[in-house]
Every structure is written in C-alpha cells, then in structure tokens.
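Shared between the two complexes below is subunit A, which has subunit B as its partner in the first and subunit C in the second.
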Partner chain A sequence: MRYFGDVAALARKDLRLELRARDTLPAMLLFVLSTLVVFHFALPTGADEVAAQGLLWVALVFTALLGLARAWAPEREGGALEGLVLAPSDRSAIWLGKSAAVFVFLGLIELVALPAFALFFSPLQAEGIAGALLANVGICAVGTLLAAMAAASRTRELILPLLFLPLAIPLVVGGVGASVSTEPGRYLVFLGLYDAVFAILCWASFEYVVSE
Partner chain B sequence: MIHGRAVEKRYGTRRALRPLDLDLARGGFLVVTGPNGSGKTTLLRLVAGLAAPSGGSLEVEADRGALGYLGHEPLLYRDLTALENLDLYGRLYRVPERRERIGMLLERYGLWDVRAERVGSYSRGMTQRVALCRALLHQPELLVLDEPFTALDDEGAALLDRQLAELAGAATLLVTTHDPKRVEPLASATLALA
Partner chain C sequence: MLAALSAALVGLAIVLSFWVAPEDADQGISQKIFYFHVPIALTAYACFGWGAWKALRLLWKGGDGYDLESYVAIHQGTIFGALTLATGSIWAKASWGHWWVWDSNQLVLFLVLFLFYSAYFMLRFSIEEGPRRANVSAVYALFGVALIPVSFFAIRLAEDFIHPTTFTRDGPQMTGTMFLAFCVSWLAITLLAYTLYRVELLGKRLDGNLRELREALS
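Moving on to the complex of A and B:
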C-alpha cells in the first residue's frame, strides 16, 4: 500500500505542477485542435471515413509526443529527479506516478479532441473510444520511460520521437483497427496485450534508466 | 560506515576522481577539501549512490532512507512551494510526524513566513536553506553535504554551523568545502584531494 501511496503523491505533484505552471496542457490542446482543423481542410470533400480515423490517430500520437517531451522538464530543473532517486521508495513508483499524470493529461486532451473530431468528421463509436483509452495506457507507459531516457540526453528533442514513434506504431494499428474494423474486439485485445507487456517491461526497467 | 579501496571515477577518458582509499567510522565527520576539478563532488555522488565507481570498491553501510544528500543543485521543484517540496519528500522518506518536523525545520531556517511561496521565486540563499531542510528532513544517519555554505548569508551560515555542531557525533558527516577552517573544529578527519 505504501508503494501506491508514493505513486499517488508523485502523480499529485505532477498535476499540481501543471495546474500551476500551465506549460503542457494548453500547448497540447492547441496542437490537437489545430491539427484537426488542418486535416479538415486538407481532406477532400467526401473523403473516406477510414482516412479520417487514421488522421485522428496521427493527431493523437503527435499530441502525446508533445506532452511526453515536457513530461520530465520539472525534474530536470533543479535536479529534482536525483532527489526522487535518492528517496527510499521503489524507483518504479517514479515512473508509475509520472505515467499516471501523463494519462490524466492525455485523457483531458481527448475529452476535447474526440468531440472536435466528431464535429469535423464523424463521431467515434464506443469501440473507438475504448481503443483510445487502451492506447493511452500504452502511450503513457512506453512514452514516459522513453522520455526519461531522452531527458538525460542533450539532444532529447530529437531522440524522443526517434525512440517513441516506432514503438507507437502497434498502438496506431490497434486504435485505428478498433475504430474501423468489423471485428474491433480483436484490436482491443491486441491493445490490452501491448499495454500489459510494455507496462511490465517499463515498470521493471525504469530502475536502470535512472541509475548509472 | 564508508569504506573505499582504490575507488576512482572516469567519464570516458576523463578522470574525475583519482584512485583513493577512504574510511569513515559511524559518527565520524570527514571534511573533504581540494581545488576545483579534484573530484570532491564526484566522491560525494559516489557515496550517495548517484554514480557508480569506475574502479576499486566502495561500501556504504547506510541504505537510501538513512542518507541525506545536499548537492550543487537543490533537488527541489521550482514551481512547488517550500512546504509542498518538503511534504513530498517527507512522504517519500516516511518521516514520522511529518508536518511537525517540516514546520520545525522551516522555522529554524527562517523560512516559515515564505513557506507558501514557490521555490522558484526564492533567492539562491533561501533555496539553499530549503535544500538543507530537505537533506535533514528524515534525520539521516549519514549526511553528505557538498559545499553546504554556498550562497548562505552570515545568518544562514551560522544556522548551519549550529546544525553541524549538533549533528557531529550523532550522525556520520561527509562535507566538502573550500573553507575548511569553518568546519575543521568539528571534524574527526580531513581528506585533501589533489
């Protein structure tokens, strides 16, 4: 129970920092809305709905990338990550707390982005929304770990997309599949498996990312 | 409490710390001096477990929860207040009677009146005081302080003098400084790095 208490304290800290600084959420929101507007005008009239669903996932993945690039910024300033690493709590709690906060950010963005998508293109069905939720788990699990790795590098802005985008491809495949396929259940199971496997891998490997 | 044999640190081809032997008994107070680049900070980071030795062996008989570390950076969140920063660390270190302990430290270091202001708005000296509170919060058995007097004004330095005098003998201290005369009266040993 102490472990989850640490996770909750760390996630609360990230939410409080964002509420106070408002660095990341407004930028993510503006980005996803402007991307959807661009796609609205870029797609010819009468374009296939499937193409529009694909573009939604492009917008969501790149918006997530924007948030992930800023995820460890508060820890970089003032060396706070070293403070957390020195604390006696399990180091994976740092990753889990950060992933939980990023999950909340992404969920809030999608609360606006999905209705906007429905307005510009077509409403998302329940399977599509379930796909987005499951994909968020994978994005947060993998993205938070990779962002921590990238944060240690001077070229973090370049490294993060190079690391993250290849690993996000299965999430896009699963998310689009859940939205447009006649058998969305298969894609939802696929997303669930991806989440489970990568969450365990990231949970177990975070210790090595923050240790020399 | 700390036993090092031929412990050294390299970053690629650059040698950050020459091989050295180090012994510090429980309750001891070791002052480390040396010019810039001699490896003082590197030695403290090795002891704190923030870096791994490139050669030799280093044994520290204190787990993470028993170690207090003050580095060059404050290890604080600039957009959180002093109270919020200390509360977060207090939770992670499972400090008993956390609020009372935080209140006592903030009062002692003259930060109580500014406890609800963001650390980012503090002067460097005030930030150093909060960083000291963070390092002392969980009453560590081993206290590792890297240039703790940096940025402190006379009053802050006097507070730290008093704190170190109280801790000497009760805790194990490893302190680097460019002003050894200030802490030498309390020290049980000194180590000069070249």
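Moving on to the complex of A and C:
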C-alpha cells in the first residue's frame, strides 16, 4: 500500500528531524511544566481538585498550540512544501504523515505532563487518560490542517490560536467530562465522534489548502 | 423592489409583534424579543449554511463567482450572529438581570460560532487575493458547518459539569396569533438577510469590475 508507505516516510522524516534538532519537544515540555506550576498559584485554596482537572486541559491545549505553530516550519523554511505537493502521491498523505508525527510529539509530552499533574494536584483516572488520548487525535488532525492554513497567511503564528481555539472547545468539553463526570463513557464516545468527523473532513480537504 | 418588500415585511412583523400578539403570561413584554431573536438566529444559521454550500461548489467545480458569494454569505451570517448575541444579551438582562448567562445553550453556541467566523475574516484578509485564498476560505467555511452540530452537542454535554441547568428556555409556548407574528417575523428577517446579501454581492462585484477596468486602462 503505497499510500501508507508515503505516510510512514513523512512521519519518520519529521521524527528524525526533531530527534536531531531537539528544539520543539524540550520547549513544549518546559512550557507544560511551567504552566502547571502557574496553575497551582492560580487556584485559590477554596478551589477543589475538580477545578484542577479542568485546568489540565487548558495546559494541554496551549502546549499543543505551541508545538503546532512550529509543525510546518521545516517545510516552510526549506521550501519543501511545494516539492511535497508536486510529488506524485495523494496530498492527503502529507497531512496524515504530519499529524502522526505531531501525535507522537504530543504523546511524549503527555507521558511527562500527566504524571507531573498527578504529582502536583491529583491522580488521573483511566477514563481521563483515555480522554486525553482521544482528544490528542482531534488536536493533531485539526491542528495540523489549521497550521497549514496559517502557514499560507501573512500573520502565521499569530493566527493559529484564533483558528484553533473555537474548534478545540468540544475537545476540552470531552476531555474534562471524561475526567470529572460520573458517566465518562458519553464523553469518550463524543470525543470519538469528533475525531471521526473532523479527521475525515481534514483528510478530504487538505489538498485544497496547499494547492492553488 | 426587493428592498421595499423587505422593509414592508419587517414593518409588518414589528406591528404584529408589539400590537397584535398577546403578552406572555410569565415574562411579560420582554418575551417580545423572541419574535426577533429567534428568526435572527435561524437566519444566521441559514447564512452560514449557504456560505458553506457555495464553498463546496467552489471546491467541487471551481469557477469565479462562488468565492465571493461564499464570503458575502458568511459576512451576513456573522452580522446576524452578532445581532443574535446582542438581542440574546438584552433578553438575558430583562429575564435574569445579567447581561450574559451561560445557561442558554443557543447563546453559548452562537458565541463559539461568532469567534470561529470572526477568525474567518482574519484568515481571509491575511492571505493574498487569488485561488489560494479562495480555497483556504472555502475549507474553513466547511469546517464551520461541521462545527455547528458538534459544538451544540459539546455544550449540551458540558451542562453536566459546568453547572446545573436551573432555567430552561426551549422556546415560548405560542398561541395562534403569537405563532403568526413569529412566522411573519421569520419571513421578514430572512428576506432582509437575502436583500442585504444581494446588495453586498452586487456592490462587491461592481468594485471588482471597476478595479479591473482601472488596471486595464493604466
């Protein structure tokens, strides 16, 4: 299956670039840890641990934004995006490969951030972690496409949060619900639904975002 | 001609809402705002849907007109969305004493959509004019209509842990005259939106033609 071979090659390229340059991941890591510390000071003593669960999602969304702002930087700086678009493969493979790489980055960050959150505030249930994984898929799918749109614009990093945050609201609802609600199943199903709808939409429309 | 008809219908809607329809037993005169608030909201949805349809036609078939039509429709939708928030805010102040309440799912949904479509304009005007801008705007418009139902369900789900819903306001229980006033108002606002859409589209097309002529002459 040549399509998935292309996707794997592109994802591998991004992972290898990050492994050599090591600029985005350490920054995201430090950002999420600093944000969690800020939250400790932002929560007054009366606030219960449920409020902290909500703030975790704020931290995750903004850390993801930090990483997404740099997602297309290698292609933009080297002018590689035109080359990829001209290549004789399905253009949606570019989006899928990039999303997969961003998913791995975000997963690695959460591998540190979630235990840190459990240490600073309160431990997470299994449903919360499942919610985080499902929401990751949505963040990476939608965020990668929006980052490509932002790369086409004059204002670049400035506009990505504006595009991303309204679309991230359902993900935050799903994630927080999975963590704090008495019926987390509904929220996990909702997150799955969001992922399905928007992944298909991104997959189908990426071609139009990068081509004339 | 279209403008005159819209003006007449809006006038009729105002007369019907304020003088003919009876006052609501619970809410009194502040309920009257529903005759405008709900049609404006429905019209905003219709504009966003229309803009997304034109965007889909653009991506599917290509061609010159669709980008401008999609943009103007979304522009109208955003204006009517802002009006929805304004009228909803007035209603909230009259009903509950606060200018903004998170209880009304429809208002929260419109807030999210308003933010989303405001970003549409920021995106559109930060890209150079051309096919790239048309494509990117079209894709974003399609994301908008996908967001409407997803956000709606998200806000419904969020009720459980944000705060318990103590006020339910699904819509007024309407008697015959009230329903008539509502329908006339709905038709009036829809026609108004369509008129504004046509006027703005014509204006922008004339702008474009004028610019082309200037460039051809210089």
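Basically, the second predicted complex is superposed on the first by the 211 of 212 C-alpha atoms of A that agree within 3 Å, B and C clash if a C-alpha of one lies under 4 Å from a C-alpha of the other, contacts with A are read in each partner's own complex, and residues count from 1 in each chain.
We adopt the following convention: a residue touches a chain if its C-beta (ideal position, glycine included) is under 8 Å from a C-beta of that chain, and two chains touch if they have at least 3 such contacts.
This structure is a prediction, so every number in the text was calculated from the model and none was measured.
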Kindly say whether there is room for both subunit B and subunit C on subunit A in the superposition, answering fit or clash. fit
Looking at A:212, would you say it contacts subunit B, subunit C, both, or neither? Reply first, second, both or neither. both
According to the stated criteria, A:20 is in contact with first (subunit B), second (subunit C), both, or neither; which is it? first
In the superposed arrangement, does A:34 touch subunit B (first), subunit C (second), both or neither? neither
Touching A:197, do we find subunit B (first), subunit C (second), both, or neither? second
Touch test for A:122: subunit B only (first), subunit C only (second), both, or neither? neither
According to the contact criterion defined above, which of subunit B and subunit C contacts more residues of subunit A? C
Is A:6 touching the first partner subunit B, the second partner subunit C, both, or neither of them? first
For A:174, select first, second, both or neither according to whether it touches subunit B, subunit C, the two together, or no partner. second
Looking at the overlay, does A:87 come into contact with subunit B only (first), subunit C only (second), both, or neither? first
Please provide the least distance in Å between a C-alpha atom of subunit B and a C-alpha atom of subunit C in the combined superposition. 5
Where subunit B and subunit C land on the same part of subunit A: residues 211-212
Sites on subunit A touched by subunit C in the complex: 50, 145, 149-150, 152-155, 159, 162-163, 165-167, 169-170, 173-174, 176-177, 180-181, 183, 186-187, 190, 193-194, 197-198, 201, 205, 208-209, 211-212
Flag every residue of subunit C that touches subunit A in the complex, lowest number first. 59, 112-113, 115-116, 118-119, 122-123, 126-128, 130-132, 135-136, 138-140, 142-143, 146-147, 150-151, 153-155, 157-158, 160-161
Quick one: which bits of subunit A touch subunit B in the complex? Just the residue numbers, please. 2, 5-6, 9-10, 13, 16-17, 20-21, 74, 77-80, 82-89, 211-212
Report the residues of subunit B in contact with subunit A in the complex, numbered from low to high. 48-52, 63-65, 67, 69, 71-80, 84, 88-89, 91-94, 118-119, 134
